[in-house]
């Protein structure tokens, strides 16, 4: 079972990385860009586990380690 | 138009961050994890542009700035 | 002989290089602001360390788009000397003026320390005052200095003698222990360690002088040949 | 309950005072502004009355407390600006960003004075790192945050301290210090004066982040704190670098009347403080303030603590000069208001006045001021019931030393400072790892020495004596490096001042610092107070961190702690007494936090410091190291390990062996000299009537210590070094 976890900064939290990249994109010729936010994509190979176990494990891992829930949100997909 | 860009390290390139997280996950009780790879998720708000322009712009941005194609692959979705 | 140091808004080793050349060797050196157009008067261009544009996405990724960098590319294509140290090395790989890429240190930490680097090839404008095999103690200070490249590139680097410096003890996971390389034409050099930090007796280390002296010697020789 | 003033952290009496100032009930915006400004963090309402104990003037002091940073003269038209600041509560919630923004804030304080920041230090306290995963997480995050910010902006982090004690389990301390250099005639202040001058805003856009951070710093931490997550601010070091360069360039133009960073309480504090200092008033329009988020209310704009913003008061008509420089650095500036002469802070939203207050009433000059009751806590008497005979002497003292070297408090902090770029700007002459850092000042022969110090165990056992020792120890570190101590910035970290025992600790500590600074002629030129550092179960040990600067007239004369060459003679300057109370030895080996703290005698302290400093200046010493945690044995081991050389020591003493080795008696240094100058040195010591002992010499690859002709210690330097250098990293991984 594989999982893709998407970790993004909470909306209320400033994202200087995103802002800086927006600035850079504007400079190289994309003035239309209105917002850029940077997040993480974490790909996990969970080995041989059931869909159910996987879902539960990934949720736990996100809460404990993969996302910093003080400032980040997460969601994930299993496949 | 919004875009989600996923930038991942090429398979041939070592991913120390992924390895470290795998180690940490094992330590906190997930010995089954076989692999972890860390990538970037870049969310762009492109403003009012056509699907076509958007697709072309995002591809260009990836090639020029968002990914380093020497070591990274990218893909994106528009919505 | 004139040295030019490119200053991006987030450069912070620009002054270190400036003083290394000026106070340490009495050379003629100037800062070049990143939106400058012409750099014809300079014999050697330095891309200093720092965080050129914040380095948020990837180190050195944005700097290549600065106005001055078109001229810098031409300068290099004309065979003149171009040196990137630390962030400068990252910029050179991002601009494809040097092969490979620099990724996060293996231990995922920023490392500031003085390390031994071995001179692998002393037949270059940057190492001619060193002995082959000589170990120089040079400071490093980087979070992303882990050199990677594909097999083919590594093979080429080796075959062409483009590997100038390797770490005596690999601090960051670099493939083949690579600390510094040059291009095939031997006029563009990138290295993660900071020779400009080791040019002052008061700071307790002058090993960097071997590298700066090499560059100066090379340029002097070129000028005599002209 | 649920009174509107309670929601912003004010009491009924304080609210009444607001009504008195306004002659009416405040509206919500005004109430919130008073709430943040009258928090402990901004108003120092519990601490101000105690500051009179500090000496704050002196012939070198160009700017004492009250501005963004203090400034001391070092001669040749040069001066040093410095300040320390806490970011404890933010770091407890989100260690990386909490620490990073702490660094960002203190840097702004320095360049707001017109000084170029040249060095950073950090003073850190954590709980039980050996057993708590949370503590490890905090430590890693904090160190990375400090590194992430300081490295990016290109200011070397040259020193600091890290200490561990269970009292910090729920409440870590993160204090950051910044030091800048400035020419006398370039000093700027946070003044808004000159009617009609423009108020300009430069830097990052304002978002909803850090709402009420100042009042958040002024309550005890509880589970509820997790809910105040919007208080998390995110640092942008690149933006700060741009802001710093732009401001420093701006200040050269002469168009700037005043400048102030937007720190705690954001625009509110910047406006009312500059207006009060300028003895005028100010009118600003919140609609002009650049925003990151849509739909922000005036109150949100006024109290937001978004990072990397500055307020600049510009001479009328010269705004374009400012705009041009700011744009060169890729930033934007906007005019958000103007200076008036009616003494009022008027907040408008477009044409509508939404707030109107006497500017000074918000500021600390108008805020309430409390003299709290204090009471000597029972523990203070109990802990003194200890003599060294209460503990047994260890049978294997080699093992004891090894154990101490691995103690997180004594172990090398290399794992920490290797993550900090401590060499950028190529001015770091003595790098982290010795007693104090030494920096050269380019273009002069001068150098400065920098350190932070505080033994909080002493400060717990005896807040007054412990605080004196903190100052004396800082000075000793400066002296050991060859610097003459000249000024102090203090970071006062304590528990809830509304509890009489905590207030007693706080008061005692301030009195102690005051006395020591007077004795050692190191005035307090700036500082920071962080109270309410406690959780439901526990207050932190009182932790008054002392940041100190010293000056070297010729930086080539600096000194380090490392033993240099075989045959150098080792001398102990000062006297070892039966003083293991409060020692690291007692805590680590016998698991006791008890006893009288070592006695500090200022007359001796000054004599010893003068002697060491003069000897270094004359070039007589090969090395110098002050003795602190772990006493003589650890001091010797530390001096051996740096260059990997050994020492052979012969000690004659009436003390018990463990006491002789690990006592933490004050006013002691170990120095090494060439045999050729031994006579001169010993002659000077005798003449000055300073107690000293010739201990032995630098030799071999082992540390050998004989006490009364019996060999009690024989350890290979390599073995010690492995244990000491690797211990911290080992703990974390």
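Here the chain labels run A, B, C and D in written order, and each chain numbers its own residues starting at 1.
Here is the rule we go by: a residue touches a chain if its C-beta (ideal position, glycine included) is under 8 Å from a C-beta of that chain, and two chains touch if they have at least 3 such contacts.
Every value quoted in this text rests on a predicted model; they were computed, and no experiment measured them.
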{"item": "Touch-network distance, subunit A to subunit D, counted in steps", "value": "1"}
{"item": "More contacts between chains, C-D or A-C", "value": "C-D"}
{"item": "Chain at maximum distance from subunit D, centres defined as averaged CA atoms", "value": "B"}
{"item": "Rounded Å distance between subunit C and subunit D, as computed from the means of their C-alpha atoms", "value": "36"}
{"item": "Separation of subunit B from subunit C, taking each centre as the mean of its C-alpha atoms, in whole Å", "value": "29"}
{"item": "Interchain centroid distance [CA atoms averaged], subunit B/subunit D, Å", "value": "41"}
{"item": "Contacts with 2+ other chains: residues of subunit A", "value": "16, 20-21, 24, 28, 38"}
{"item": "Contacts with two or more other chains, residues of subunit D listed in rising order", "value": "236, 238-239, 330"}
{"item": "Per-residue multi-chain contacts in subunit C, two or more chains", "value": "53-54, 56-57, 61-62, 65"}
{"item": "Touching pairs - complete list by chain label", "value": "A-B, A-C, A-D, B-C, C-D"}
{"item": "Residue ranges of subunit C touching subunit A (in the complex, touch as defined)", "value": "53-54, 56-57, 61-62, 65"}
{"item": "Touch list for subunit B against partner subunit C, complex", "value": "9, 12-14, 16-17, 20, 40, 65-66, 68, 70-71"}
{"item": "Residues of subunit A defined as touching subunit C within the complex", "value": "16-17, 20-21, 24, 27-28, 38"}
{"item": "Residue ranges of subunit D touching subunit C (in the complex, touch as defined)", "value": "144, 147-148, 151-154, 236-239, 241-242, 245, 329-330, 417-426, 428-429, 440, 442, 555-556"}
{"item": "For the subunit C and subunit D complex, residues of the former touching the latter", "value": "9-13, 15-16, 19-20, 49-51, 53-56, 109-113, 139, 141, 143, 194, 196-197, 199-200, 202-204"}
